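One chain, subunit A, links the two complexes that follow: it is found with subunit B in the first and with subunit C in the second.
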Partner chain A sequence: MSEKDANPSAKDALVGGSLFGRWEKLRGREGTVVGITAILVAVFPYLFARAPVVSGILQGYQSLATLILIWGIFAIGFDLLLGYTGLLSFGHAAFWGGAAYAAGIVAKNVSGDPIVMVVSGTLFAVLLAWVLGFLSLRRGGIYFSILTLAFAQMFYYMAASPLAFLTNGENGLTGVEVGSFLGVIHLESDIPSVGGMLLGTWLYAFVGVFFVGAVAVAYRILNSPYGMVFRAIRENEQRAEFVGLNVWRYKLMAFIISGAFAGIAGSLFTIHGAYVPLQSLFWTESGDIVVMTVLGGAGSMFGPVLGVGLYLYIENIVSTIQALTIPFTDIVLIRDFGFYWHLLLGLVFVVVVWVVPDGLWGILNRLRELAVEFGSKAAERLRSRSKGGGR
Partner chain B sequence: MARDNKSLNRRDVLKATGAVGTAGLAGLAGCTGGGDDSGGGGGGGGDDEYPALGNYPIEGDTATFGFNVPQSGPYASEGEDELRAYELAVKHLNEGGGWVDSQFDDLSGDGVLGYTIDHVDGDTATDADQARQSASGMIQRDDAIMISGGSSSAVAIAVQGLCQNEKVMFMCCLTHSNDTTGTDCVRYSFREMFNAYMTGQALAPVVRDAYGEDLQFYQLYADYSWGQTQQASMEQFMTDVAGWEQVESVATPLGTSDYSTYLSGAQSSGADVLILNHYGLDGANSMQQAIDAGIDEEMEIIVPLYNRPMAEAAGGAIEGIYGTVAWDSQIDNTPSQEFTQAFRDEYDRTPSGPAQLAYAQTLQYAAAVERAGTFYPPEVIRQLEDYEYDNIGMGAETMRGCDHQAQRDVPVVQGLPASEQSEGTYFNIVNITSRDDLGYACDAGPAAECELGSYE
Partner chain C sequence: MSLLSDVLVILLNGLQQGAIYVLLAVGLSIILGTLKFVNFAHGALYLIGTYAGLFVALNVPLSNGKLAEWGFSSFGLDIGFFAALIFVPLFVFGVGLLMERYLARAFYDRPDTDQILVTFGLAIVVQELFRVLFGSNSLPFEQPERILSFGSFAGLPVSGPVALPIVGNFPQWRLWVIGITAVLVALVYLLVEYTDFGLVVRAGTRDAEMVRLLGIKITRPYIVVFGIGAALAGVAGVVGGPLNVVNPTIGTNILVPAFLTVVIGGVGSIAGAVVGGIVFGLTTAALVAFAPAWSQVGLYAIAAIVLLTRPQGLLGDEEVTP
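Presenting the complex of A and B:
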């Protein structure tokens, strides 16, 4: 699926000069992708939390919109590793949580400037990824997954107790005071005028800029020769090695890049909550990101973000539905519906993996292909009919 | 992405309502008007004398409480009981009944300040992160004016921190760590439950009288904040008050399922008393395994903090074991009996300790609102600080202003044998240690590290 995403020009010949065709040409360009992402990021919180009818149905709220973007950055980075390089890390909580703690500790002891927090958290995650990658990538396949899991759990237990003087142990890192951005803008406050209506808070805008940046960087990497090598490694490691590529080095780099994404996300998570829960280092966090990525579609650029959205939506909104009613009536179908959100999430996951292994993005892709096919067929029919009419 | 930096911090533009004076920190909470699109209109019951703060003023004529309890995970059954009590409290606030009629003179049984009380509930899953998400949904989407809940100290600490930032009040339910009203205390949170420190103080004289002086004790503790503070408090008071001597104190990883190696270490230490500082399922496991290993025949066992799921899981193993509980339905005074009766009438079951906390904290908040004459949080907080009361079944109490920790009695209990246990009855109350023998000054113990933060 991914090759098609990255390289849509192959289809252009088929579609011809119609509107579709023009769109197909534009679709793959970096500028288009980043631009559309920016627009979606700008409109999303409005639709989710404030728009008249839509938000009433969605039941969203501002801080969840921010959280979805933060996890989205994490998922994009994770997918670089899982979807494109074919390495299943089960220890990304170490980078996410590690960066969150680093950012929080820096905020408490050095400076609460959001930029400083993000930079220090990300640096920490990159260094950690370097070390852990160096150690874990010695083994492949399941051994690699287990090694990353073991290292991450090590960090969890370290933070829980021996390092409790730094991390505040089980209670989580409290008392993090996030300073104002550039010394003037309180991230928690609302943006004035139209910006406020669309984006809501400065915090969202801050995270949104990182999100769009993350998309641009990931897109650039994936469409560069470097990203090609990642995919080559995924498809056939041995062959890549025979071609003369230093597979180990590329894998390490993929691991570090994905660690950096996790680091940015983790630091933003601290800024968002002004608190770091100990659970951010726990293995369930690593599991969550795997589930989100696979749910959305591993090996596609935006799929994992969709996965994040759906996962967090079910976790935070569906779980609060107290009684499931038939729309526009008072007939209760299931009482305490939200109580079963774990089950619902499990079912959704099973169905998606079973029916569409390439995830939610795969569904969208298929719909798009259907539309294109339908469109071109219709165009052809039109053409042949007009030819017939001419005769 | 609009980036005009003309007037910062003015969120008023968003919300068409006028009369909003202040801006600043509280920005995030007030602005999201939930699902409904009407920005102006409403206006509420007309106490506009205070500036907007957090979710104040309330729009419409319904005030929403958020009940954030564990509905999945190891404490689910405890959370379920808490939720029952919360719902009962809401019902009594709106329709009268229970303590609203008999114990709380401030409450009318016809809503609070003319507002009908509504509630939303959420699942903490005993996970600090999840609990915060759930609470922020309640605050931002459902415009909750007060959050309550708990069953884990990490959760309570995480959520009360969020509530301080969002300027929404938090009424702690079950949280036993010293830190909740110690290093991590906040202005917007109040705790009725006693803490690990007080458990140590309450237990020491009782077990000294029961088992004698000059004994040696051995501790196992769950290796996280609560376990550590709990074992430190036990060491302090068993040494100072009971005059015992600690042989050793051993950490066990959180979530251990097999305690046999730790227990055999305790068994061969030659100590007379074993203190198991474990809670929840860990507590049930370690206690059960200690009994199975026959330790109770050679040593006396103490479990500092009991809860019902623990007692249920351990069954007859708790026979004769000393510990403390939040509250128990057998406590013999009018408020306790009334609550037990009201709860039985509604749900046909005996309320647990956390249920009493949940019910009391909800009414306590509502009564403070009535006394303040407004939902404006700083005024409500001032009403609760240093408030003295004697109406929730735990004797005379003070909600101390310096750390927001209730100064109250602590019930010491002993587990019943399996044959005498029944649904809701697992303990025998040995002593209700008076608050005069408990606690610490505002500049001592955990309170010394508490800085409450700002009202606004």
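Presenting the complex of A and C:
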């Protein structure tokens, strides 16, 4: 996006002052991005779970919509680290699961207020990210990945047995009771009237606010000089060091910010499910967020969210498909199609890494550019033809 | 039970536990050190080795998964454990060659993160393939009674307890695991250190371009190194199978300790991988004996401490480039 904004004059010459051109100018602005995100978040559960024809095809449901937003926050934070700073962490389950446990334990022992849960979970994740970042960032490249992996696994096994008195060990943290928001609104209940038709539950609205907030914050960071430094580090760490930037500090901050996003998401996950599975700390959970982010497109703002949507959709909806048929017929292509969901996802992931490293978002972007090019060429042809007619 | 025998039992158990890590870590380490390729699918090779071992050595009934649905009620050739020890490494060696030729080679010039991602994806694919075919439940992999039994020759007994001095009775199979590991690792060491092939490999580790300029085709040693690493993972699967559960997740579960073994031992160093594996094995065995709740945590704590105090690993001498 930013590359395009860099030379608006060239863009203007191409698309002129048309409606499309005006949109091209607007689409990079923070207000537009956050506004559109808010609108999409507002209509998403309606389209996904309740709209007449669309939801019938999609087969979505309300709680999955909520889950997609929660993982979406996680993925946006993860992408700050992987896509923009170029650090591949295989230990983010520690922040996601750690925050989930922290929020759950606070809810059980102190207060079940959702705000308190999110704040305590996030604080825990930030502190943990600080310590783990401080230790893991001493090494770069694959060693960073392996160190984060090792630390996260350590927490998994700690939660599994030595700390079982806190975490309830293998069974996961059960019996988390989420209180009402501000003492009056039960998050599980439906929103009345139009709001209810669009958003569904209060829980979705609660998560949605955090999601839009996460997008706004991430967008602000990435388009600030601070975020520019992240990208500089990704492109060439040594050069960034040479121009006098304190690379270590920026990397640590990127790690902590990314941990904070994971913490918010993890706390929301506990509120959403009122339960914390031990699995949420296991390294395959870190692997899942890696897969989602890369599938959607690391290094883009919304690509990872797209990846989250796709992953969770395949995991929860496609996996229930009994038989894959040719549309509108009864000819069965693959029986027990849903059974193969994870295999399918793995294959898609390998292909994406191999062929299109910028993910689905990259594909969409290229299509868009193609359309813009085609559109401007067509407009030019039109213009020259009308000129010719005048002569 | 005296204290001495307790300690010796822990040592032996630790060595056996470490032996599996060593087999995996030596393979990972030579691939990482020579080819500079990060293989997150090494656990998948272990998984393939275990199931292939099960297939060759025994004949187990299938109740779950697609194979059972397609009408295969049992699975296996049932031609004995020794055959598995011969054929499985060969098979996984072949798998390794294919993997190097068609996957790894395309990624040598791409960033580390891409290598991690694509092999991680491959690990998922292999794991899910096995889950689809065999179901996610555990299959029984019985310890072999005897190996090398042909016709009238009864073969060598390998299971059951054996009386050792001081220690008393100790499961014999565990000693075999230690022995097989020691022999194989020694062979790989000799191959890399004392043959012309090893010379080319070591030269390639230092400066691949120079080796190419000297007119040596480096791709062939590379593919063989990858194959040897894979074969070792296959052996680990065969000998480790009867000691652990056998299900599709074993590959991803063993990958993390295996990688840590490489890293704490020092990348590219065979001796380092052995030391790392033994340290891990002994730690785990000691913690299992004295503080079972912490048995898994200890491994990661040690890894973290070693990496933070000696980033190049215990026996790594290479300057670490971050």
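To be clear about the criterion, the second predicted complex is superposed on the first by the 375 of 391 C-alpha atoms of A that agree within 3 Å, B and C clash if a C-alpha of one lies under 4 Å from a C-alpha of the other, contacts with A are read in each partner's own complex, and residues count from 1 in each chain.
In this section, contacts are C-beta pairs under 8 Å (C-beta built on N, C-alpha and C of every residue); 3 or more make two chains touch, one makes a residue touch a chain.
Keep in mind it's a predicted model, so treat the numbers as computed, not measured.
Asker: Looking at the combined model built on subunit A, do subunit B and subunit C fit side by side or clash?
Answerer: With subunit A aligned, subunit B runs into subunit C, so clash.
Asker: Per the contact definition in the header, classify A:R50: touching subunit B only (first), subunit C only (second), both, or neither.
Answerer: A:R50 contacts subunit B only, not subunit C.
Asker: Does subunit B (first) or subunit C (second) touch A:Q153, or do both, or does neither?
Answerer: In the superposed model, A:Q153 contacts subunit C only, not subunit B.
Asker: Is A:I233 in contact with subunit B, with subunit C, with both, or with neither (first, second, both, neither)?
Answerer: neither
Asker: Please determine whether it is subunit B or subunit C that touches the greater number of subunit A residues.
Answerer: Higher number of touched subunit A residues: B.
Asker: If we overlay the two complexes on their shared chain A, which of subunit B and subunit C does A:F349 touch? Say first, second, both or neither.
Answerer: It touches subunit C, and subunit B stays clear.
Asker: Once the shared chain is lined up, is A:G60 touching subunit B (first), subunit C (second), both, or neither of them?
Answerer: Once the two structures are laid over each other on A, A:G60 reaches subunit B alone.
Asker: Looking at A:A93, would you say it contacts subunit B, subunit C, both, or neither? Reply first, second, both or neither.
Answerer: In the superposed model, A:A93 contacts neither subunit B nor subunit C.
Asker: Just subunit B (first), just subunit C (second), both, or neither: which does A:M253 touch?
Answerer: A:M253 contacts neither subunit B nor subunit C.
Asker: Tell me the contact category for A:F339 with respect to subunit B and subunit C: first, second, both or neither.
Answerer: In the superposition, A:F339 touches subunit B and subunit C alike.
Asker: So in the superposed three-chain picture, is A:L364 touching just subunit B, just subunit C, both, or none of them (first/second/both/neither)?
Answerer: A:L364 contacts neither subunit B nor subunit C.
Asker: Once the two structures are superposed, pull the subunit A residues common to the subunit B and subunit C interfaces.
Answerer: Common to the two interfaces on subunit A: residues 157, 160-161, 164, 339, 342.
Asker: Hey, which residues of subunit A end up touching subunit C in the complex?
Answerer: 82, 86, 88, 90, 135, 138-143, 145-147, 149-151, 153-154, 157-158, 160-162, 164, 283-284, 287, 290-291, 294, 339-340, 342-343, 345-347, 349-350, 353-354, 357
Asker: Which residues of subunit A touch subunit B in the complex?
Answerer: Checking each residue of subunit A against subunit B gives 38, 42, 49-50, 52-53, 55-56, 59-64, 67, 157, 160-161, 164, 168-172, 174-175, 184-186, 188-201, 203, 205, 208-209, 273-275, 277-280, 315-317, 319-320, 322, 338-339, 341-342.
Asker: Touching residues of subunit B toward subunit A in the complex: what are they?
Answerer: Against subunit A, subunit B makes touches at 1-11, 13-14, 23-25, 27-28, 31-37, 71-72, 120-123, 127-130, 132-134, 136-137, 140-141, 153-154, 157-158, 161-162, 165, 177, 179, 183-184, 223-226, 228, 251, 253-254.
Asker: Under the touch definition given earlier, write down the residues of subunit C that touch subunit A in their complex.
Answerer: Contacts found on subunit C: 38, 66, 106, 112-114, 116-118, 120-122, 124-125, 127-129, 131-132, 252, 256, 259-260, 263, 292-294, 296-297, 300-301, 303-304, 307-308, 311, 320, 322.
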